[in-house]
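Okay, here's the structure, questions in a sec.
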Amino acid sequence: MSGSSLPIVLYVLRRLVQAVPLVVGIVTINFILIRLAPGDPATLLAGEFADRATVDRLREEFGLNEPLWVQYATYLWKVASLDLGHSYRFRAPVTEIVLGRLPNTLLLLVVSFGLSMVLGILLAALSARRPNSAFDNTASTIAMLGYCLPMFWLGMMLILVFSSLLGWLPTGGMYSLRGNATGMALVADIARHLILPATAYAAYFMAMAYRLTRAKLIETLREDYIRTARMKGLSERRVLFGHALRNAMVPVIAVMGLDFGVMIGGAVVVETVFSWPGVGRLMYESILSRDYPLLLGIFVIVSFGVIVVNLLADLVAALVDPRIAYD
Amino acid sequence: MSGAGGAGGGTLLAVEDLRLHIDTYRGTVRAIDGISFTVGQQESVGIVGESGSGKSMTALSVLGFTPPGARVVSGRVSFEGRDLLALNDAGMRAIRGARLAMVFQDPMTFLNPLMRIGDQIGEVLVTHRGLGRREARARAVEALRLVRIPSPETVAGQYPHQLSGGMRQRALIAMAIVGEPALLIADEPTTALDVTVQAQIIALLRDIKEERGLSLLLITHDLGIVAHVCDRLYVVYAGRIMEEGAVRTLFARSMHPYTAALLASVAYDEDAGGTVSFIEGNVPNPIDPPPGCRFQTRCPRVMPVCRRMQPPRLPQGGDHAVYCWLHAPELPDVRD
Amino acid sequence: MTDRRPPAAAAAAGPRRPGAIGLFLRKYGENRSAVAGAMLVAGLVALAVAAPLLTGHGPRQLGAVPLLPPGAEHPMGTDDLGRDIWAQFLYGGRTSLLVGLVAAAISTAIGVFLGAVSGYFGGLVDDAIQRVTEMLSIVPRYFLAMVTVAILGPTILNVIVVIGVLSWPPATKLARAEFVTLKSRSFVDAARMSGAGPWTIIFSEILPNALPPIVVQTILAVSAAVLMEATLSFLGLGDPNLISWGLMLNKAQTFLTIAPWMAIFPGLGISLFILGLNLMGDGLNQALNPRLRREAKA
């Protein structure tokens, strides 16, 4: 209450400024990729079956007859104004298509991420309390499996067991009652479809969160201030959750934030396996149809999303640890 | 000032023949090898020794903090009539912070960096007295005032990184006394601080002890601090007691060669940091110590018997006692 | 409070001596899951290498009844075109192995070089390399790999190069940390005083001493590369001319409910390979890092 929030605000602003080169970098990567493609970049953007007029229009639009730096500036400007081109498969602006699918992916992400963070951290706390106990060994083994099983295979095995064999849950998609369901029935329907993909996705997140938190917690429990907490006569639970976990979470949040760029890749395979109509599935569809503007556009939007998540992770870390914003 | 039956009456803490061994890859370290001492009500007792002498470990085992791999091989720790070594975790927790509290060496690392000072102090009362957060915070501010922190309301809302080393140590002292314990253990409370701040903290500890009527067990390598604060002291070397007695007695006529060397080192260099370097020879290997007196490898007056048999406790009148063959009325017969 | 530190810890923190290899192997051998990991990896590598000896069928050889469940003639069954899955499994392992090893070699080479330069020279070079590394770690790597392979074309060479070029940040971070610590050691000063140039010092003085953690990192890089290759193949971005576990899984999707064996075996192959590599990595880390080891013991 007495601590001013000014350092945090300044910190966030500083991080925002630092993110600018990152954004430019991603757009530059995209630009290079277009140039790197074999053949004419205009054809790449128009699709192989486009007519001459379309190709010429795109060549004009992207300034492809101009010198390279003009092309680059044109491209930067287009992305900055959120014009990511047209998908030739959907015959619609890329931004519009991707944003339309985004909520479904966010639903999947938030559910599996939230679930796995809570469970992973809780299990890690119980493990770190008694390293090498039977509980710790079991949990660590399961986490190792969750860390190593490829999501798409885990997803297929889940379908095999819970849909095909047991018949409990749908094999994929997001709705069964499409159209004629409203309110709670719709929510329940979506939830039923969400269970398997969220599990397949969460297994890896949970393993990550578990492994990171466990390692950091064991380290933190050796800190001097933990001894101070025990000296005060606090219960082990209070020492663990009130003192150790908070401190251990700071590096865990930082690492999870940094690894988010890798973790988000799982959305493509999970959504593909479960036909979940999100951005990941869209990515797969555009790979199949070689819809390059859409591919590039998804990459840009997902990258921006990852940068935002990174900033959020930094902000959370700064809120938990007052020293971060302080220096 | 006087003995174990000191100012306020009975014995508060009595440690008898404590032995603590630590299993390591290279063998068993005899970190504490038969230490006995008492602290009376409202008495101030010092345990003095070089680093590695087992003095810190002794203090930690009183609170039930033993390092991984350590075993209490024998001994009794009775505090307010209870045997602490026999208590279960819950029993020990009820005593920690409430009846028995500790101030640690390094104020930089012993405060939780992510918690406001006031909350860290108030937590003691939330735990032991069941106070609400608000009331606990108010009492924490009072505790901060007691340890002479200027503008305690502000400091209570601050984080450790916003405070200087001396301020943090004051906050740690406030944390230790806020539960109104009967015994305060201070483990090298000034070692990590600037010299000028050291003097302030020492004065503060002495004042607090007087004002709050608590007992103080001071663990230090610094005889100068002991002279300022303590009534009695125990000189510890390599896990054993060498000499014990009232501060005035020991300073006036120490009988053990090790005490004499320590005193000489104070006279020689006030800032002798941690080790008494000019005593020749090495500390014996704690894994496989030779039989006899632990100080034999460095003692200028070592005799054959010192290499064979452990010297017994030799009372010298009052609280004074020495563990040294030089003062034995007669020596046992040893042949090489 | 240094007096509470067990002397064994101080001894274990000493410099790495050549004679320590025996001790290290013993420590590794004590870790049961690490040994199991090494055996898994060795077993799968042996299967892949000896593929032609272990099956009479070619991986693309047609002729059997399609979608046969596992049996005597076809131990893992057949696929939708009547090809032997056991043969595909063995040859698919070769692809994973090839991509894993070469891509990890590329990423480790780039990573260690950049990390070494960054850690040894410091200053502006360090800043620049750090910034680029940070950038590449944040970029959604899988998405970038998919876009790149899709644009450049799904050949095995492209897949390997893309995985290798996108995966160096962990190696850079590790190598940088090692070089920062090691460059202030006395043997580096000695080499410098004897007139050795910076590149000599980097490659012949510091690098050998930084090798153990780099080896562990490389093993984990192989595992990451195998997973990425499988993912790309699964999404139809693998080389269509080469059998791979990911490609097998891509095909298996359609027949998941009627021919689950098409999905189970290649997935097991990927999972066990990655699991084995990670168990090895963890085991090596514990054997190399005295602090982790003490934890395991306590």
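We just call them A, B and C in the order they show up, numbering each chain from 1.
One rule holds for everything that comes next: contacts are C-beta pairs under 8 Å (C-beta built on N, C-alpha and C of every residue); 3 or more make two chains touch, one makes a residue touch a chain.
Keep in mind that what you see is a predicted model, and the values were worked out from it rather than measured.
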- Task: Using the touch rule from the top, work out which pair, A-B or A-C, shares more C-beta pairs.
- Result: A-C
- With chain centres defined as mean CA positions, report which chain is farthest from chain A. B
- How many angstrom between the C-alpha centroids of chain B and chain A? 53
- Find the geometric centre of each of chain A and chain C from their Cα atoms only, then give the gap between the two centres in Å, rounded to an integer. 23
- Item | Numbers and ranges of chain B residues touching at least 2 other chains | 106
- chain A, residues touching no fewer than two other chains: none
- Check: chain C positions touching at least 2 other chains come out as 298
- In their shared complex, chain A is touched by residues of chain B numbered 63, 65, 89, 93-98, 101-102, 104, 106, 109-116, 120, 123-124, 127-128, 154, 157-159, 161-162, 172, 175-176, 179
- Report the residues of chain C in contact with chain A in the complex, numbered from low to high. 131, 135, 137-144, 146-148, 150-153, 223, 227, 230-231, 234-237, 249, 252-253, 256-257, 260, 263-264, 267, 270-271, 274-275, 278-279, 282, 295-296, 298
- Which part of chain A faces chain B closely enough to touch in the complex? 1-3, 223-225, 227-236, 238, 242-243, 246-247, 250, 320-323, 326
- Spell out the residues on chain A that touch chain C in their complex, using ranges where they run on. 21-22, 25-26, 29, 33-34, 36-38, 44, 131-132, 144-145, 147-150, 152-153, 156-157, 159-160, 163-164, 171, 218, 258-259, 261-262, 264-266, 268-269, 272-273, 283-284, 287-288, 290, 292, 295-296, 298-299, 302-303, 306-307, 310
